[in-house]
Amino acid sequence: MLRIENLKKYFGGIKAVNGCSFEVEKGKITALIGPNGSGKTTIFNLICGVHKPDEGKIIFSTNTGKRNIAGMQIEKISNFGISRFFQQTRLFKNLTVLENLLLAEDNEDQKFWKNVLGFNKFDKAKIEKANEKLADFDLKNILNIRAEDLSFGQKRLVELARNILNYHTILILDEPVAGVNHKIRNIIAETILQMKKEGETILLIEHDMSFTFSISDKVIVMDAGKIVATGTPEEIHNNPEILRIYLGCCQL
Amino acid sequence: MVSTYFIHLLILIGIYGILAVSLQLAVGFGGFLNLGHIAYYGIGAYTFTLLSKHEINFWLCLLLAGIFSAFFGWLLAAAVRKLKGDYLALVTLGFSFVVYAVFQNWTWLTNGPLGISGITRPNFLGFSTNNNNIYFILVFFIFLISYFFIYRVVTSPFGKVVEAVRDDELSAKSLGKRTFKIKLITFSTSAFFAGVAGSLYASYITYIDPSSFTLAGIIPVILIVIIGGLGSFHGTLLATFFIILLPEPLRFMGFSSSIVGPARQIIYAIILLATLYYKPKGFYGKLDLE
Amino acid sequence: MYIAFYYGNMIFMNIFLQLLINSLIAGAIYSLIACGFSLIYSTNKFIHFAHGGVIIFSSYIFYTLFSLLHFEFYLSCILTVIFAGLFGYSINLIIYTPLRKKKASSLILLVAGLGVLILTESLSLIFWGADVKTINYIDNIQGLSIFGAIITPLQLIIIIFSLVFLIFFYLLMKKTRLGKAMRAVSDNANVAEIVGISTTKIYSKAFIIGSIVAGVASILISLEQNIESTLGTSLMIKGFTAAVIGGLGSVPGAILGAYFLGLTENFGIWYLPSGYKDAIAFILLFLFLLFRPNGILGIKYNS
């Protein structure tokens, strides 16, 4: 589904990503873990088009075949099916929850004349779809609240809903449960597992180890821009090397 | 006599209303603080004037003036693609300075500081608009169309994408939106209507010269947009009434005309400063200037 | 034929030298304005548009003191410069500082400065009228002739004075504690605060010094040119075009940019009609902001 080949990215003298290769299999949950500064978010940025790699390929299986998406524009990559959940909340703060979700549903809203002449609307069907998604998250009656005014946990759930509503063949989640309370953490965990049951592919970064190990199929460990280990959660959990790298870093 | 005066004010409100709403689209909804917006007003005015001198139909002149302004809106939007913050604001200002310099110096085309007079008014619905009352109806008609059009833009899904790009461009891109294209469309539309307003202004005063399009000209417009509230559509209209009508009492206080002009600017400047301090969100706005 | 060639060259030399001299005069004035503006920008980190207002008010005050009230020349100069410093300081105190307390963005401060500029321009129109004012001080003295190019004593004084002033300014910035503190705040205000520099005090001192320099510039301009209310805006634009050319945030860059602007303007109108002189500055500003926002030297400054 998504294969990284020898990816490298330098920022001045800093080798943020220094030759990484891994594969994200279809229908599985892959986790990318490692200490802060190991390059995880940079890899996400490279995959999603925020940065252009200095070397390496990012091969993605789109509906028109495999393509090297390295260096492509963010919006183009998104339309190929990559949907990203950011580490910082990036809701459109002055728009309502409903508007945030509706914008994700399709790209008809970009057609100027079609919209101005009234041939494209936020109709009942679309609103229903948004509502359903929110109901999955146990969030009702927040459709017309400004995104800015939600609580942190609610924001994250809305953002996740937005990511799911957006056309995607793979979900890329950057620290989905960072900073949320137990209840929301569980909702997110359940949602991700449910998505896996439905055949979705997920790549995530997370520091919460119990969360990560409980849902992932494959765990990739990074340190200082390189991949140091790959395996199942059990293999990684029992690997003394990894524990050493991580000591004092993350919750186990 | 009294009604002539009121008609005059209403015409001005109509023209400034279109100008302000077009700026609101760019600033409040698009998040683009275009301090050079007055340049489009001027480009529209001069284009309209020069075309109408060639006996071209009024509506065609109006449309072409708008389109020509829109073209410059497109150019400026493309030019500032990679700029942010202070530099962005400065480029927009620089743009309006360059346009002013062209009006002032390209005398072959614009007649320079002497300006162009004798702009004819059209017929509307069979009546001559040389009568200001009829002209007002024309302005009102065009105002309604412009206002409605921009209203459709901002309340449609497209308008929501525009706002999304304003709020978080990266996030919008991550949802697959082509943000650069959206900005080009938004700012050319903004420029189009500023050009329309400029054409109406030229047609109303029947004379234009570069002095209407200096840096000072942006103050009342940006003031209307801020007071009405960034991102508020109807607030802009209310603010237009307020700003146009507010300095009018000066006329009746016995000052000479050489005082009234600067005094009006002083009032605008003071209100601007007060608004920035006390009510930077304006009265109906939902966001801050940033 | 050789004689024609020789005279042709002489005329070319004359024009060239005259333009060069004019460039130096313009550069001298612009450098004072750009320098003050840059100092304020590099410490305060926002664009102080109202600097143009300080210039225009100071010019009119000088005119009032010297030509209307017939104060003694040097007294008028000193009073004008003091006025300029105070005026700049008050603008910061009354307008910018309260807005900054409310965490106003640099864009809001820019718009506020614009408002103050228009305010001062309009007040000038009301108090002094729209007619052009001239100050006759050193007049009708035969200009010196250098290879056929003419320079009046006043113009020579402007160039020399500007250079001397800038040297003082340089010494201030490099050698004094105040100068070092200002550079510290310009580099990193947070760290400066931590080492005990009062950033608020530095902000106002920058305004005072920058405005004093503007006051000096206003006097020189008033002597050399006519005064009218739009002078503030046009000089402000020239001043910050110079600052942008040299790299916003760099004071030496501003001076470099000022002479570059002076040269471009004056040699530019060798080819273009003279009305385009101001337009040249606008176009340069626009081009530099678009294609070389970090100035000629291309060094990025913190902002």
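For clarity, chains are labelled A, B and C in written order, and residue numbers in each chain start from 1.
Throughout what follows, a residue touches a chain if its C-beta (ideal position, glycine included) is under 8 Å from a C-beta of that chain, and two chains touch if they have at least 3 such contacts.
Fair warning: this is a prediction, and the values are worked out from it, not measured in the lab.
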| item | value |
| --- | --- |
| Steps needed, at minimum, to go from chain A to chain C via contacts | 2 |
| Innermost chain, taking as reference the mean of every protein Cα atom displayed | B |
| Centroid-based (C-alpha) most distant chain relative to chain C | A |
| Interchain centroid distance [CA atoms averaged], chain A/chain C, Å | 52 |
| Euclidean distance of C-alpha centroids - chain A vs chain B, Å | 42 |
| Chain centre separation in whole Å, for chain C relative to chain B (CA means) | 31 |
| Two or more partner chains touched - positions in chain C | none |
| Two or more partner chains touched - positions in chain B | none |
| In chain A, residues with contacts to at least two other chains | none |
| Residue ranges of chain B in contact with chain C within the complex | 33, 35, 79-80, 83, 85-87, 89-91, 94-95, 97-98, 100-102, 104-105, 107, 112, 214-216, 219, 222, 258-259, 261-263, 265-266, 268-270, 272-273, 276-277, 280, 288-290 |
| Residue ranges of chain C touching chain B (in the complex, touch as defined) | 46-47, 95, 98-99, 102, 104-108, 110-112, 114-116, 118-119, 121-123, 125-126, 129-130, 230, 233, 237, 240, 244, 273, 275-276, 278-279, 282-283, 285-286, 289-290, 293, 303 |
| Chain B - residues contacting chain A, complex | 149, 152-153, 156-161, 163-164, 166-168, 170-179, 181-182, 185, 231, 286-287 |
| Interface residues, chain A side, partner chain B - complex | 48-50, 73-75, 78-79, 83-84, 86, 90-95, 99-100, 102-104, 107-112, 115-116, 118, 120-122, 146, 162, 166-167 |
